[in-house]
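Structures are listed in the sections that come next.
Note that subunit A is present in both complexes that follow, paired respectively with subunit B and with subunit C.
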Partner chain A sequence: MTLTFEEVSYKRDQFRFTANGIFEEGVHLVSGLVGSGKSTLAFIASGLVPPGAGSVHRMGIRKSLLSMQFPEHHTTGITLNDEIRSWGLDPEAILASTRLFTRGEQDVNALSRGELKRLHLGCVLSADADLLILDEPFSALDCREKRVICRRITERGYGTVIICTHEQTWLPPVDCIWEMKEGTLVSCGRVPAAIPRWSLAPRHIRDLLKRGLVPGNISPESVMEVACRTRE
Partner chain B sequence: MQDPRIRIFVIIVLSVAAFISIAGAALAFLYWICLPGRFQCIKKPAAVLFLSMIIVVSVITEVTTGNGLSYFIRMTVILLLALYAYTAYVPGEFFRVSVWLFGPRGFDPGLIAEMSMETLNDLEDDSSKIRIALRQKGVPLGFHTLVPVIGMFVLNQIRRAHDQADLLTVRGYRNGGTLCPRFHPEILDYVSGIVAICMLFIAILPVRDVFILLH
Partner chain C sequence: MIALSTIHHGVLNIPSLQIPPGSTAIIGPNGSGKTTLLKIIAGITSPHQGSVVIDGKSPAAINTGWLNEYPDRNLLFGTVSDEIASPLRFRHDPCPDVGGRVESVAQDAGVSHLLGRLTRDLSGGEKVLVSLATAMVTRPLVLVLDESDSHLDPVSSSTLSRLTRNSQALYVIWCTQDMEMATRADQVILLEGGFVTRSGTPQEVFSQLSGDCLYPLSWRLSC
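Take a look at the complex of A and B:
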């Protein structure tokens, strides 16, 4: 199961996007500053926006799903139950997993953005998709929810997951790290070898690297494990 | 056209020319053909919607009072000019033009115009995103989905308006303000303006009179 970007380029006004690379099965982090082209990558990877030039090949991918940054853009149901059913899922299971237990008949628009994001990600992560692209999945979530989402991404255990984010702390263990630099996709390689090459690495990871310590992965647990080891 | 004052002026003049007569519409269409990015503007989903509305009204006009074809041609050219104006718009232009035109009194109308344009952009963005959502879920846009979709549009706008009001309050806005607009017109901008004025005169004059003048 691979997603290949072959000499892909895309232009919108002054912004120019270029990508070359292969996304194999596993969890991929696409890190980048705001406006660097992460969302453009997400839209092109999902096949919803055709590239201006080059091609995107999907080998063994039956179904791909894009989770856009703002959950309200996915809302097509009136109540929570309607919304969950529109994803072809069982409302009871999703409401339980997102801790919105008794609110099934409530208006979707009555939810706060954080709650709506929780519901949306609950649906997306339960949907059957070989290629899952999450555009800023941690926005509007508190630390506890970010941790839950990281755990659910890890537990998924199949297909390709591409996480496009500028989140710096709450990240799940990943297989590969990529960077978007002024519209260009750059591969840092596989983790853990990719971590020292990750120029946009969070400060706590950079501090560890300065001390010659390379964490096994980028999740808080992995980083903590290395940081604590030095104290012994 | 770099100067927004001349661009807006040209759009207004050509729209009037197109509305007055078929000859004016034909000239305005010729002008539109020469504009950069003209075909980019007709790719917008709103173009199909507005064109459909023009077709419906034209058919009704033709059936009831006649002149439906003339109405269709003139309104289609006006639509093309409006779409071009929307595509060529750069944020902040209406604000600058309004203050240049009306002085300090133009500050508030300019601000309102900018907010309106931003709202149109947001609606366009929301509509493209919601189409993606429906496509991903495999749900057709029907009566059942129309209510939540429209609800989403309305609620998003209310939320944005609320945020914008908060922002203006935090910045101490009550009414009015200061802005020193600067423009950098090029020779081509002036030529474009003069050509548009000539087209308006030709549209106003009956075609027969033009040939008499030429003789």
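Take a look at the complex of A and C:
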């Protein structure tokens, strides 16, 4: 399962997007400043927006799924049960996995934003997709839910997952790191070699790098492991 | 001082809470009542029971800037410049004053380059920064931000912090899921299940949460 951007470009008003790169099977992190083109990358990767030039190849990818930045942009059902059924999923199982147990007949709009995000991601991560593109999956979630999402991404164990995020703390172990820089996709490479090349690395990781310490991965556990090892 | 007394509204149950001037971070799990509390302080929601008084006045009598947690719900107008100008135009400020103030606040918020853009074409983070500029354009006494940092990169988050710190707002009250940001507040309030379970300085609150994922990672690493 490989997603390839070949000389892709896209233009909207003054904004220019360009991408060249291969997303192989595994978990990919894409970071970038506000307005740098992360969501554009997500839309083009999913096939919802065609590139202006170049091509996107999906080798071995039968089904792709984009989780948009704002969960409210996905809702089609009136109640939680309706919303879950619209994904072709069993409400009871999803409500249990998202700890929204008894709220199936409530209005989706009555959920807090974090709860809506939790419900949405519960559906997304239960759907069978070879290519999963998650645009800001951690926004609005509390730390417990962020840990759950990290664990579910890690346990998924198949396909290609692309995570576009500003999250600084609760990140899953990833295989590759990419950056969007003023509309251009830049590969930092495979982890852990990619970490010192990651210009937008979270501050705590940059602090470790300044001390000559390179964590094995970007998750809090990996960061703690390298930090604690030196204290012993 | 913002004084809340015997608040019962939805999940919220707050017998008494006093929020001093400064920067106050409200933290807590999803569904714990953070947005409800912010809406009550901002005067958007009247509590079913209880009262809120801000420097001796009702919230309705206070100039308050508000940022919704849903970025799209902050935006009413087609262009960024019209959006930022709207609170001034609604109160019939003279046009030359409006133009100057919009340019000034847009520059402070780092969104001058967006003034001619359509609001619908903005990225999520850009929408937040434009909405922040709009909320601040009238120089409110109270600034209430509902998880505004959740769509921002660290650079933009720093801009948001700097702007709110330098604003003329006496009270800046914001909820966040970024505990590193919360450590930079003057005071922190932890809401759980609608109740205030901890409040105080970041040191006082987080020192009691060392076994919880709420405890800032940077503090763990510096132990």
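Following the convention adopted for this analysis, the second predicted complex is superposed on the first by the 232 of 232 C-alpha atoms of A that agree within 3 Å, B and C clash if a C-alpha of one lies under 4 Å from a C-alpha of the other, contacts with A are read in each partner's own complex, and residues count from 1 in each chain.
Here is the rule we use: a contact is a pair of C-beta atoms (placed from the backbone, for glycine too) under 8 Å apart; a residue touches a chain by one contact, two chains touch by 3 or more.
Just so we're clear, the structure is a prediction, and the values are computed from it rather than from any experiment.
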Using the overlay on subunit A, decide if subunit B and subunit C clash or can fit next to each other. clash
Taking the superposition on A as described, I'd like to know which of subunit B and subunit C A:53 touches: first, second, both or neither. neither
Check whether A:96 is in contact with subunit B, with subunit C, with both or with neither, and answer first, second, both or neither. neither
Identify the partner contact of A:193: answer first if only subunit B is touched, second if only subunit C is, both if each is, neither if none is. neither
Looking at the overlay, what does A:77 touch: subunit B (first), subunit C (second), both, or neither? first
Let me test your reading of the model: by the given contact rule, A:22 touches which partner, first (subunit B), second (subunit C), both or neither? neither
Broader residue contact with subunit A after superposition on the shared chain, subunit B or subunit C: C
Quick one: classify A:12 as touching subunit B (first), subunit C (second), both or neither. second
Based on the superposed arrangement, let me know which partner A:204 touches: subunit B (first), subunit C (second), both, or neither? second
Would you check which partner chain A:65 touches, where first means subunit B only, second means subunit C only, and both and neither mean what they say? first
Which subunit A residues lie in the overlap of the subunit B contact set and the subunit C contact set? 70, 72
Residue positions on subunit B within touch of subunit A in the complex are 126, 129-130, 132-137, 139, 145, 147-149, 151-152, 155-156
Any idea which subunit A residues touch subunit B in the complex? 48, 65-66, 68, 70, 72-78, 82, 86-88, 108-109
For subunit A, which residues count as touching subunit C in their complex? 12-13, 31-35, 38-39, 69-70, 72, 111-115, 117-118, 136, 139-147, 166, 168-170, 200, 202-204, 207-208, 220, 223-224, 227
Under the definition above, what is the set of subunit C residues touching subunit A in their complex? 28-31, 34-35, 69-72, 117, 121-126, 129, 147, 150-156, 177-180, 212-214, 217-218, 220-221
